[in-house]
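Two complexes are shown next, each including subunit A; its partner changes from subunit B in the first to subunit C in the second.
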Partner chain A sequence: MKEITANMAGSVWKVLVQEGEQVEIDQDVVILESMKMEIPIATEDDGIVKEIKVKEGDFVNEGDVLVTLE
Partner chain B sequence: MTYVDVLQERIKQIKKGGKEKYHQRNAEKGKLFARKRLELLFDDGVDVEDAFFANCMDDELPSDGVVTGIGKVNGQDVCVMANDSTVKAGSWGKRTVEKILRIQETAMKLEIPMLYLVDSAGARITDQIEMFPGRRGAGRIFHNQIKMSGRVPQVCLLFGPSAAGGAYIPAFCDIVVMVEGNASMYLGSPRMAEKVIGEKVTLEEMGGARMHCTVSGCGDVLAKTEEEAIDYARKYLTYFPANFRHKPPVLEGKAIKEMEKSITDIIPVNQNAPFNMYHLIDKLIDEDSFLEIKKRFAPELITGLARLNGQTIGIIANQPRVKGGVLFPDSADKSAKFVQLCDAFNIPLLFLVDVPGFMIGTQVERQGIIRHGAKMLATMSEATVPKISVIVRKAYGAGLYAMAGPAFEPDACLALPTAQIAVMGPEAAVNAVYANKIAELPEEERSEFVKEKQEEYRNDIDIYRLASDMVVDAVVDPNHLREELIKRYRVYHHKNVTFTERKHGVYPV
Partner chain C sequence: MIKKVLIANRGEIAARIIRSAKQLGIKTVAVFSEVDENSPFVQMADESYLLGPARVNESYLNIDKIIEIAKEYRADAIHPGYGFLSENHLFAEKCEKEGIIFVGPNSQVLKQMGSKIEARKIMKEAGVPVVPGSIEALDTIDEAKAFAKEIGYPVMLKASLGGGGIGMQVVQSDEELENVFLDNQQRAKQFFGDGSMFIEKKIDDARHIEVQILADQHGNVMHLFERECSIQRRNQKVIEEAPSSFISEATREKMGEAAIRAAKAVDYTNVGTVEFLVDSEENFYFIEMNARIQVEHPITEEVTGVDLVKEQLLIASGNPLSLNKNDIKIKGHAIETRIYAEDPERFFPSPGQITRLDLPEGEHIRHELGVSSSFQVTPFYDPMIAKLIVSGASREEAIERMKDALNNYHIDGIKTNIPMLKTIIEHDQFKKGNTKISFVDEYYLPMLKK
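So, the complex of A and B:
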C-alpha cells in the first residue's frame, strides 16, 4: 500500500479521484488550498485508489495522508 | 637493474594503488580507481603530480592513499585531490593530510579551482597523533577550505563515504555531487548510532546520497554513475572563472529551445493557479544551457546556472507548481547559498518572482523561518553583481523583499503586465481589513461585498499605478523579455560597487 501525503499545511480544496479509480504517476489526486494558492498533490506511483482519507474543507498538516493506493 | 629501472619499477608499483582484491571489490560496486577518475576528469590526464612517493617505504600505502595534482578541465588548470579507496579504504594518515594541505595551498597560490574527489573511511586511527590534532592536522584542511571559499571554486565529487570529520570537506565546498548507492555523509556510522544512542537505521536512510540531496540539503546533485558525476563537474566549471578576480567565460550565444507556447500562454492570469516555472525559464535562456543546482531539495524554489546570449547568469525562481511557490526555511537556505555562490564568482543574478510569501503557521515558526528568511534577504542584499528581478505574477509581503524587490538595490525591477505587488493578495487583504464588517452583514450580501472590496483592492495595486509611482522600473512585454534582459545585462556588465565597509555583518548564518 502506498500513501499520498500533504506536502504542506492547508485545507483540502478538491478531491480529484474516487475510490477504486486507476491513477498514474504524476497525476494530480487532490488540490489543497494554502496561502491562498492552489497546491496540486500528485501521486508518485501508479495504482488503484484504495481509500480517500480526507474530505473537501478538511484541514491537513504536512505529512498527513490524503489518499492510499494499492 | 640500472637505477632508472629501479625508479621505473617503483613508479609502476605505486601507480597500481592498493591490492587487486580491493580494486575488484570497488569494481563490483561500480566504483572506478582513483587514477581512472582523474583520467575522465581531465582533458589530458594529470599534468603535475606531487608527493607521488609519499609513504613509499611502506608497500601497503602507495601515495599514502591520495593522489594530488594539477590538470586541465576545459582548458583551465585545476587542482585535485583524489582519495584512493584501494589503499586502507582511503583513510587519512599524516602524509595523506599533508598532501591535501599542500594541494589546497597550491590552489590558493595559483588562484585556480580546487576539486575534491572524496572516497574515504576517515582518519587512520593508528596515526591519529600525527594526523588529527596538530597545526598541520586534518582540521587545517577545513581551515584552508574556509579560507579559499569564494576565492576559487571548490567542487566535491562524492564517490564513497565521507565520514565523521571528513564530512566537512563536502560541507565547505561550493557544490557537492553525490553518486547514488555509493556516496554517503555522516558523523557517526549506523553501527556507532546503534551503540551510542540506540538507533537502528541503515546507511542509506541516515546518510545516503538521495537523503542528502532531497532532505538535508548537504548534497546538491544526485548522479547515477561516477561518469555522470564527473561530466557534471566538467560542465559546471564552464560557467565559472578560475577565481573571484575574473568574470565567467562568455560562450557563443544560442537561441532558445523551440516551443509552441509563448510566454503569455504559459503564465495563467489567475494568480492562484499553478504553472510550471521551468517552461518560463526555457523561454528566456539559451537552449540546453540550464544547469540546475539542488533540483531535489526545496523544489518550491528553483536555482540554477544558465546562459543568456552566451553569458553565465544565476537564476532564482519561485515554482508555483510546488507548494504554491511559497518560501520555507529550506527554500530560503537554498537561495542564500546559491546567491553567495554567484556573487562570489561575478555571475549576474536573475530573480523570477511569483511568490505568495513566506509560509506561516506553528511548524515553520518553530523551525525558525524568520531566521532562515533573514539569510535569504541578507545574501541577496549583499550581492553586488548585476541583479535583475522580474515580477512575473504575484509578489506578496516579504516574498517581494526576498526576491530582490525594489528596496534591495536591484539594477532593475521589471514587471510583466500580470505582476501584482502587495503586502498580501486581495483575498487575504479583504478578509483581514473587513473581517468584522463581513461578519455583521447578512449572509446573502457577503459574497457581493467581498467581491467588490477585492476589486477595489486590485485597482489599488494595479501594476501601472506602481509603474507610475516608479516602484518598478519598466513594464515589459512578456514575449520580449529575453531581449530586454540581454540588453540590460550588457549595460550592467560594467557595474563595480562595494556593498559597504566593515569587517563583516552580524546577521543569521
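So, the complex of A and C:
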C-alpha cells in the first residue's frame, strides 16, 4: 500500500479522485489550500485509490496521509 | 482631525498603522480573529475586539461586523491597510453611508481602478501609456486567439478583477491559450465574481517600477518618486528598492508626471501607487493603480523622510498636503526584503510554531513585524510575516548592510525564504542592477538545480 501525504499544512480545498479510481503517476489527487495558495498534491505512483482519508475543508499538517493507494 | 481609527487588518501593517496613529494622537482600535489574539498589533492598540473565527470571510472580510464594531466603539475612521478590504468599493461605500471616514480614495475610484479593463481605458484617454493590449473584455477563446494573433505571442492573459497574481498567466501559443483560457476565466469568476479577461503584450526584459503618489481632497497631487520591485516569485514581490538604479533622471521625471496625470484622471485622493512595466529602452507602460498603502511603502519613507501612514490619516481628515515637492529629494538608497513563512526553493507555505526570533539591530535597520518569538504562524493568511528594511548612502552600501542584516536574522521553527533573500542579495547580477522580473527564473531557480 502506498500513501500520498500533505507536503504542507493547510486545509483540503478539493478532493479530485474517488475511492476505487485508477490513478497514474503525477496525477493530482487533492488540492490543498494554505496562506492564500493552492497546492495540488500529485501521486508519485500508479495505483487504485483505496481510501480517501480527508474531506474538503479538513485541516491537515505536513506529513498527514491524504489518500492511500493499492 | 480623526479621533479614533479602527484598523481593519492584521499583522505587520496593523502594527505599522497603530504606530503612526499614536504619534498623531489618534486613538486606535484593533480587530482580530480568534487565531490572532496574541499578535503584536492586538497588544499595541488602545482597544482590541474579537471579529470572529480564523477564516477571512468570518473575520477580516466581514464587512458588517467591522462596521458594527466601529460604530459601537465610536471609531470615526477605518484604515483598511493593504489586501483584505482595502480596495473593496462596497466596503468603502458602506463606510461613506455610515458616516465613517474610509482612509483611502472614495468608493467610485476604487470601483474604477478595481477593474483593470476600465483602468486601462481611463489611463489611455488621460495620455498615460498602457501596455499594448485589448481594450474590451475578451469573452471567448476565439476572440482571445484573434487578438493574440494581432499583437503576437507571447502575451499575458489577465483577469480584469485579478490581483496577487491570481488569474494571470503568460501564454506562448494558440494551443496554450486554448488550454488555459476557460480555466483562468473560471478561476477569475470564482475568486473575484467576474470572469472578464483581457490580453496584454508581454513586455520583454521588463522591470516593475512604481510611483508613489499623494493626493489631498483639495486637488493637490504630488509624487514621491519610484520604487523598483522587479524581484518576484509567484507574481509577488520579494525584494524592493528605492530609487530604481535603472532609470535615468529624465525617465524618473516622465514617470512621475505620468503618475500624477493618472491620479488626476480619476480625482484620486489619499496615497496610492501607479505601477508600470519598464522595458530595456526605458519605455514605461501603466499596468495598474494600487489604491491603498503598499507593502513596500517603507523604502519610500526611508529615502524621502515622509511618513506615508501619517499622510494618509492627515489627508483622510481633510487636511491639505503640507509637503512641498521642491523640499523633497531622494536621499540615499533603501532596500526591503519580505520575510515569508515558506519553503525557499519550492515557495510552498510553511506555517507553524516560531521557536526563536532573533533580529539584527542597527541604526540603518528597520523592522516591520507581524509576529513575535513563540508566535504560531497559522495557514489562514498571507505568508508574509515581517519586512526588513535597510538604508545606506548608496545602493552598494544598502546591499552590504542588507547582507549583514540577513545573516543576523534568525527565525527557527518554521521555514522562511531568508536563504533565498541572501542568495539574491549576494548575486552578481543583482549587484549589477540587472533586476528584471525574470530574475528569479533566470538566475535564482537554476542555482538550486546545481
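One rule holds in what follows: the second predicted complex is superposed on the first by the 70 of 70 C-alpha atoms of A that agree within 3 Å, B and C clash if a C-alpha of one lies under 4 Å from a C-alpha of the other, contacts with A are read in each partner's own complex, and residues count from 1 in each chain.
The definition used in the following text is that a contact is a pair of C-beta atoms (placed from the backbone, for glycine too) under 8 Å apart; a residue touches a chain by one contact, two chains touch by 3 or more.
Here the structure is a predicted model, which is why all the values come from computation and not from measurement.
*Asks:* Using the superposition on chain A described above, determine whether A:S11 touches subunit B (first), subunit C (second), both, or neither.
*Replies:* second
*Asks:* Based on the superposed arrangement, let me know which partner A:E19 touches: subunit B (first), subunit C (second), both, or neither?
*Replies:* neither
*Asks:* Pick one for A:P40: touches subunit B only (first), subunit C only (second), both, or neither.
*Replies:* The answer is first: A:P40 touches subunit B but not subunit C.
*Asks:* Kindly list the residues of subunit A that each of subunit B and subunit C touches, one partner per complex.
*Replies:* Shared contact residues on subunit A: 7-9, 34-37, 39.
*Asks:* Report the residues of subunit A in contact with subunit B in the complex, numbered from low to high.
*Replies:* Subunit A residues touching subunit B: 7-9, 34-40, 61-62.
*Asks:* Where on subunit B is subunit A touching in the complex?
*Replies:* Contact set of subunit B toward subunit A: 272-274, 320-326, 328, 356-357, 359-361, 363, 425, 427-428.
*Asks:* Flag every residue of subunit A that touches subunit C in the complex, lowest number first.
*Replies:* Of all residues in subunit A, those touching subunit C are 7-11, 34-37, 39, 59.
*Asks:* Can you name the residues of subunit C that touch subunit A in the complex?
*Replies:* By the definition above, subunit C touches subunit A via 164, 234, 341-343, 348-352, 379-383.
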